[in-house]
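Two complexes are shown next, each including chain A; its partner changes from chain B in the first to chain C in the second.
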Partner chain A sequence: MAKQLGFYFDATACIGCRACQVACKDKNDLVVGQTWRQVVEVSGGSWTAQENGTWATTAFAYYVSLGCQHCEKPSCVEVCPTGAMTKRADGIVVVNAEQCIGCRYCEWACPYGSPQFNEAKGVMTKCNFCEDYVAQGKKPACVDACVMRALDIGELADLRVKYGSVAQIDPLPAANLTRPSIVLTPHAKSSTHGDVKKLALDKGGMK
Partner chain B sequence: MIVGDHHLSTAPRAQDCTNREENRMSEKNLIDQVVQDTVLSRRSFLKWSAAVGGTAVLASQGLNLGLQSVAEAAPAQAAPATKTVWQSCMVNCGSRCPLRITVQDNKIVRVETDDTGKDEYGQHQIRSCVRGRSIRQRVYNADRLKYPMKRVGKRGEGKFEKISWEQAFDTIAGELKRIKDKYGNEAIYIHYATGTLGGTVAKAWPPHSSPIARLMNCYGGYLNHYGTYSTAQIAAAMPYTYGSSANNSIDDIANSKLIVFFGNNPAETRMSGGGVVYFMKEAKRRGDARMIHIDPRLSDTAVVDGGEWVPLRPGTDAALVSGMAYVMITENLVDQAFLDKYCIGYDEEHMPKDIPANSSYKSYILGKGADRTPKTPQWAAEITGVPAIKIAQLARESATVKPAYIAQGWGPQRHANGEESARAIAMLSILTGNVGLKGGSTGAREGAFGISVAAFPTLTNPVKASISFYMWPDAIKRGPEMTATRDGVRGVDKLTVPIKFLWNYAGNAIINQHSDCNGTVKQLENDKECEMIVVIDNHMTSSAKMADILLPDVTNFEQDDITSGSGGNMGFAIFTEKAVEPMFECKPVYEMCREIAKRLGIEDKFTEGKTQEDWLKFVVEATRKNIPTFPDYDTFRKTGIFKMKNPAGSVIALKAFRDDPVANKLTTPSGKIEIFSEALYKISKTWQLPQGDVITALPEYAPTWEGSTDALKSKYPLQLIGHHYKQRTHSTYGNVEWMQEAAPQEVWINTLDANKYGIKNGDKVRVFNDRGQVILPAKVTARIMPGVLSIPQGAWYKPDAKGVDQGGCTNTLTAYRPSPLAKGNPQHTNLVQMEKA
Partner chain C sequence: MNVREWALITFTILAQMSVGSFIVLGIVHYFTAKKSGEKQADELSDRALLAIGPVLALGMAASLLHLGNPLNAYKAVTNLGTSWLSREIFFGVLFAVAGAVFAVMQWKKIATFQIRNLVAILAAVIGVALVYSMAMVYMMPTRPSWNMLTTPVSFFATTLLLGVLAMGAAFVANYWYVQSKNPGCASEQCVLLRDSLRWFAVASIVLLGFQFVLLPLWVALMAGPATASAAMLVGEFGVVFALRLAFVFLGAGVARHLFVPRGVESGARKSDGHGRVLGVRARPCR
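What follows is the complex of A and B.
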């Protein structure tokens, strides 16, 4: 039994195609508005006019693909008043729809926008690490969907040995808040400020 | 006019409402509805229709009643039977990605992709892109065409009436006969279409290999076309230089020291595992080449693994190359030995006979040619927007860091001067002597390895005339005026009749993907010119709305077929097995053609006694003759997928020529690389071109209408290009909710321009010119050059009552103005203005 499963993401390989996002939606039959895995574009840089109508630029861009981080210190579990949100022995954070009263505290508490409210059912939903696939020895739908092989999973400790210990790059919040079970290979242009205010809000549910 | 708002104009009002309601249904309801409808029509049709009284009622009113009927009639069907079949995403991105479809009780419930093998580079899984993963919503879509229909309103109005298949086939056969008798077969045209691509029997492209082509070839032929909306200019121009458009396969970048991409963006154009981008990433990581991206946009390809972005103004690639060539020549950095041995036209010492002095490339660059203008970096800087010092740096790096992989996408060539740009970019590989080398390049689009599945035979077309794929509106309006030297007519000197019958099987290039949507709609409203338009498709597209007869096709998930594609240095083929029964009253195209052939008295000739499955068996046997390891039919059907690595490793284009140019001549007239093309020189002297258009023997920079220096900029100051978008393959998937959510339609605006116009990210913006106006959200970004907008192409044209396109289709703004040589689509050459909506 794993102690803490985690995701790996390589920001130098991601092309922002969102195959992970849509494979997740297909696997979990998610309606529009629910994106358990989502991809955020980060871009910036400036333009400077040069002589004769020419230009110089420092423009850059990269993408970050995010599911639930299955945090070691999950704020969603901490604030849940009914015990519906729990952390399993293998580290996967799951929500029990039977126990959930739809108060949405977890949504408010999570800095990654992972728990998402299902209006029709009145309960929270979230990435469950494709626990059924993992139990069958398969990888989650998002990981096996990635055309660039930018995603992977594993025992968090093993991922850190293999890929290092970076767990925050812009636009993600500081890792010390919830200790996310993620290992990132940063893009050459990404900073690791952990500045939550920089979240890109234009693509889906990150709030 | 809203896509999907088709209705049965003569049906009772209640019917109308039912249809609208249906279009508003949630996806889940829709899936249930169509599945139940299909179950109904297949399993209890007889029982139920006997009770209610006929097919028409069944299709139009019987859905809910039918459900109960099924449940009661067939309780044995209640236990879900699960199966998984191999399928493919068969649309026009250049890939044919494998999909594994899980089906429960005749309903697609899960879509996965290639999961075979260990997924090691070279033996990797061919993973589908995001679009393939959303395919359930394309199959179960409110826009699905359900039954044959005929137009009842004005053409293009979108008013249709349900008819029987008998009536549809009779009408089409009758019109074919009438038009053939009156005008001859040259009046019958099969339009460019790529919505069902890569199949063996059910395939729309190339048009000469579709079942429609076989049908028409059995009936005296049809007017051909050449070229494509994807590659017109490069396909027409590059053979004048090399005799072909080949380039090294992209895995060869592992052997390169430098990679230079001009508008080459596989991360957005070929972003799947069956495409190029994964392959490119892995190969690049195995080498140590620096990468340079020359593009008006910071594309997602430039994002992967970084590299340097050199933004330039659209349509000015040839000016940039000329500026670089000036530096290379004046600093003695060109590969003179290569130029002397392998090329003609570089300098005055290597020119064809009887060409005036100072006509060589070197003379053009140094300002000794007709325009007396040295193509200095300063000259190029002003045109391209790239600083002169950067141009000089690029030149020095490209000339000295070898081998260099230089490749171009198809964006640079999709311009009014695209033929010139395509050949100009190739000059970099030529001047630096990179052609035919490992790790080198020709400057064309990257190559790949595929396996060749045998073709469904479509016989020979007795009609010799062929027009550019792009000029069909002219052929409708003034066919007999069109000539070889003015309109690029091939096979004959001139056309004899206008197009009177237009076949459009699985394509959206009547309106959405052709230029100037508003202009084309207006032209086609006149049904006295083109007298019959037959559209066969899955969805109610803007092109389908122009139909006189509209036939509902099955998707590839509702029929058996075979497809093949490339996963980089690995070819593959898939037996795409029928996953679910045909939905509604949809039929396979082969059956439609057979029925029409029957009415024309040519059924036996058309079928040769074969069913679709018989043809698939025929194709497998024919393939096995070429590829002995290819599985037999039954094995292939069972295993689903067959992969084969390139036995030669990488493709090195023109290697044989490089090794021995005497024994292995190119197919150009001289057998050498033709920097100066004598054939183009003759064309430049004999063709009649519109004022301002040029064809040149050398690859030159040609300023154009609506280019970066056109005087029209005083009225429309912004250059507008389009790019391929993750939401769609051209217009396919444009009506899929998950894709609209993943990649919403938007217009890219540089941050400085947005500030100037008072536009913020997400604001609705009106983009307009004399041809039309679109409204769409702004993406304010540093990722595009100032003065340039980009609207991802393929969004569905949706003009409102005032004619404003609320769908954001880029072709509402593009010009129908054929390029000089290819007579192709200059869809990235546009000037526009914008304002906050």
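What follows is the complex of A and C.
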């Protein structure tokens, strides 16, 4: 089986502190408007009146922290007209700024909002799995910053052996669209509709 | 209102207009040649043919403004294997070349009528491939509200509609020009121009009507896989969407009023037989 690196995320552990998001922004020196790693909040449930005058609730909230999924079938690579977006032998999806024409087609094609446009440079940018850190045997900035140890990386096949193969919980789109290289431990209230929608990104007020 | 994509919209509209114009003009030429001969058909369409090139060139220039890094634009055709955007640019350039070759051949009357016809048909087929590629750019499983049959259907409907309207404008201009040189023109050219305009009007009304059906159908289709998008359309973009429907309706009315002479409406109700061409009272010639 081909080598494929991937992220692991534990929705039962994440407290939504966004340390991963900030660490990513710091390490990669991202400009305002860009967050390669994004933490989204999912909430739901309702309140029902009981016969004894009290209220019962099913309210819940959990967080999902997402970088690029470095998909096995990346739609950004497929649609890129110049071949600037490529999938490396280790499975990491990278964008070559020299080749990029800034048409933003990958931005349309990706259901995770991973490729992000840099207005000043006129080209696309995206999570590169902290390839420099990984090459030195270190872990990406987001993983090391997590206070709850909700994030990890590894060989996708190993992650699946260790944590299972869930790759689709709300608010993520159906996993069969792009086959994301991510393994998730779902929150107890996570549903797995795979309803494709643009992630309503709540960046916690951070830009 | 979202104005970020204006360059892309300009490109899409102008490219569709040039392909539609080329096809519509070809159809007009074909029927005119059958009816009145090759010479009359050439005279009818040659001036309008020259207007198509600049439209496409303008559209392609606009497409460059969409890019963040236009200096790299030439690299856009390097992923023909999987990217519809690459194919779109490829067929766009190919259509421009084929169209230009045909326009020069037609203008200078190079080669025989049959050979020119073949080149025209080839250019038209490339044009159809261009519009198909443009539609396929939006056909992505990750964008369910675009990934529907209504996308390519509406792209082709718009192509024909813009073609009919652009050629209508070109023929009206030509008609005015001919009238100014020869007031009350009763030559066969004037008759052909008026007849073509009448057909353009009918075709545009039919196509506008078709779009009027297509828009609600699209919303209905979205209800399944793209509920969120459908909700946005009636909520956030509701006013724009309603305006679009209203303009489609209004467009059909204006086209009918301007181009379809009253006498054509009903044979029983005899009018004076004068057709109206954009406010110019045309005298009956037959």
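Methods note: the second predicted complex is superposed on the first by the 188 of 207 C-alpha atoms of A that agree within 3 Å, B and C clash if a C-alpha of one lies under 4 Å from a C-alpha of the other, contacts with A are read in each partner's own complex, and residues count from 1 in each chain.
Going forward, contacts are C-beta pairs under 8 Å (C-beta built on N, C-alpha and C of every residue); 3 or more make two chains touch, one makes a residue touch a chain.
Keep in mind it's a predicted model, so treat the numbers as computed, not measured.
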Under the stated touch criterion, which partner chain does A:S165 make contact with: chain B (first), chain C (second), both, or neither?
neither
Per residue count on chain A, the busier partner among chain B and chain C is B
Contacts of A:G53 with chain B and chain C, given as first, second, both or neither
first
Would you sort A:V123 into first (chain B), second (chain C), both or neither based on which partner it touches?
second
Classify the contacts of A:C17 with the two partner chains as first (chain B alone), second (chain C alone), both, or neither.
first
In their shared complex, at which residues does chain A touch chain B?
12-19, 21-23, 25-27, 29, 31-33, 35, 43-47, 50-63, 141, 144-149, 187-189, 202, 204
In their shared complex, at which residues does chain B touch chain A?
26-28, 110-113, 115, 119, 127-130, 133-134, 136, 267-268, 271-273, 275, 277-278, 281, 298, 300-301, 303-306, 309, 311, 378, 381-382, 384-388, 726, 737-743, 750-752, 761-762, 779, 781-783, 785-786
For the complex, which residues does chain A have touching chain C?
75, 77-84, 99-105, 108-111, 117-119, 121-124, 173, 177-178, 195-198
What residues of chain C sit close enough to touch chain A in their complex?
66-70, 72-73, 75-79, 82-86, 89, 137, 140-144, 225-228
